[in-house]
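Working notes, structure below.
Chain naming follows the written order as A, B and C, and within any one chain the residues start at number 1.
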Amino acid sequence: MQENKFKISLFLGGGQSGKSLFAENCAKKWHHVVYYATGGLVEKSPEWEFRIQNHRARRPEHWKTIEHPVPLEEVVKYCEEQKTEVLLVDCLTLWMGWQMALNIQNYSPFQLLKHLENETQHFINQLKILSCPVLVVSNEVGEGVIPGSESGRIFREALGNMNLAVGSLAQCITFSIAGQHLLLKNMSQNFINGFCPMGIVDENFIFTELNKDPLVGENNVNK
Amino acid sequence: MQENKFKISLFLGGGQSGKSLFAENCAKKWHHVVYYATGGLVEKSPEWEFRIQNHRARRPEHWKTIEHPVPLEEVVKYCEEQKTEVLLVDCLTLWMGWQMALNIQNYSPFQLLKHLENETQHFINQLKILSCPVLVVSNEVGEGVIPGSESGRIFREALGNMNLAVGSLAQCITFSIAGQHLLLKNMSQNFINGFCPMGIVDENFIFTELNKDPLVGENNVNK
Amino acid sequence: MQENKFKISLFLGGGQSGKSLFAENCAKKWHHVVYYATGGLVEKSPEWEFRIQNHRARRPEHWKTIEHPVPLEEVVKYCEEQKTEVLLVDCLTLWMGWQMALNIQNYSPFQLLKHLENETQHFINQLKILSCPVLVVSNEVGEGVIPGSESGRIFREALGNMNLAVGSLAQCITFSIAGQHLLLKNMSQNFINGFCPMGIVDENFIFTELNKDPLVGENNVNK
């Protein structure tokens, strides 16, 4: 059983904050990388294609890319079989967008929130099975005015709750702003009188943190 | 006169950032807690009820809850009479939503902004009367695209200005992201060459800060 | 050639975060200040007039104000001729708003994004010509839910990319929240084991950083 050894680094940030590029630079510290693109064809527009192509062009050719709609279960199975060194999931935002699109017709708003909560828990349970570290990219979407549309409000709440849930398990959380990466949580952090100094980190920091033995830091994991 | 002894801690963050839970955990460090719920019945929807119920379930039973539309004046009077140890106001966002809803028909946009500014000043003056510390929860709503609707823009501006005004008086400001709480201001902070180190804090830090004598740190209060 | 000596400080933040006031307080550390107001008359509304008047009232009278639609080229020429000590550009958000307004009818969404990218590069090239430091104010607009409108999405992406581009060249980046100014990048920062401590800064810090010889710190500039 590897369940209590899972290692997660959560790469949060707004749009165009540099969070995906940072997660990719972290993943390049390993060799056998699986890139799970949750976007697939969520939206057919020139702006979308342009962004996807830019993302693709900067990924090393030796990475194995698996795209939505392949479910996370199969990705995890593949990683375990292939002795993958690191899994990069980019991103929870688009994954949640798919869950919304697939289910919004079938449920009342209240039921939809509950359903998304269950899907989130299922997703996280899969991540916990992995023997290799996982780098998870997600958007901060809760710092603007509350959306006028009900679907916008549900999305904001469901993704925010997913970020909280993944963050509570993660060894590392960073928050990217304008290409700078603010550390919010790490395994070896030490609170003195309720205070723990923080700062800006680079890919070497994340790589080193995820290579530490998580069992040594388990108090922090459960904190 | 207690006016220059008021102690405020401002708990800022986006939606689902963990700011309310953090403020509650801070409040639990005291015993006689008054919880001022500004939301009341701002909106009748299943998603709203679900969120309210979750919030209620995690509050200790011995806390005294006072809900909107009871005005802050009466809450402050109650706290003074009952020797309350800490007042938790959750949240300015919903309070401002009420001020908007009550006044949007009566004023032009320009007048509405001025009116909200006056109401904000009145609210803050009430907080200054309190002998006990006050924990104030509010949303960051200004980091998305400017809303298309005029009411959205006015709300964003009025709440942003209220956060600035409360923050300028506060001994402590934290900004929550994904369950982590970044310290932005504290009473005993010390700038060296224009720089003051910051970090992540927990409830012990906030409790300790608010139990310090504010008069010692009054230069910071007025800064 | 002064091209590799340019000094930029980027003042990021949400609406009503205190970023403009902070940039102005930094600019007051110099005497010969040119203030480039990119807003002009982007929108004729009482709320807008009110905000513009508040901004104007707090600027020293001896500052030279140049307003949109004067293009940056002429502002830069003026600064060079007049031995200006610092240029304050407030803000990229409104500048981008103008670029959108002028071009949205002429281009497809894909072309518009490319056009805005070119305009951004042209703008940055102008800043690089300056002999004096430049303080650049911009909004974080990417931390809310993705806008429903295509123009909102393009604006969010184009401004986010501009913030990334300016930030990658900047000696200093700060992010303002509720009147507090979090340092995200500075010229003399030093990563140890991938970590660089960060904190809150004031105007003295920014002034001192921008008066350092940038050539000494050029490795950081290109990082």
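The rule we apply is simple: a contact is a pair of C-beta atoms (placed from the backbone, for glycine too) under 8 Å apart; a residue touches a chain by one contact, two chains touch by 3 or more.
Just so you know, these numbers come straight off a predicted model, no measurement behind them.
Novice: Taking shared residue numbers divided by all residue numbers at the interface, is the value for chain A and chain C over half (same) or under half (different)?
Specialist: different
Novice: On C-alpha atoms only, rotate chain B onto chain C and read off the angle in steps of 5 degrees.
Specialist: Nearest-5 rotation angle for the superposition: 120 degrees.
Novice: Taking each chain's centre as the mean position of its Cα atoms, how many Å separate chain A from chain C?
Specialist: About 30 Å separates the centre of chain A from that of chain C.
Novice: Do you know which chain A residues sit against two or more other chains?
Specialist: 14, 140-145, 156, 182, 197-198 - these are the residues of chain A that touch more than one other chain.
Novice: Name, in rising order, each residue of chain B that touches chain C in their complex.
Specialist: Touching chain C from chain B are residues 10, 12, 14, 108-110, 113, 140-146, 148, 150, 153-154, 156-157, 159-161, 163-164, 166-168, 173, 175, 182, 184-185, 189, 191, 193-198.
Novice: Could you please specify the touching residues of chain B with respect to chain A in the complex?
Specialist: Per the stated touch rule, the residues are 13-18, 45-47, 49-51, 140-145, 147, 149, 152, 155-156, 177-180, 182-183, 197-208.
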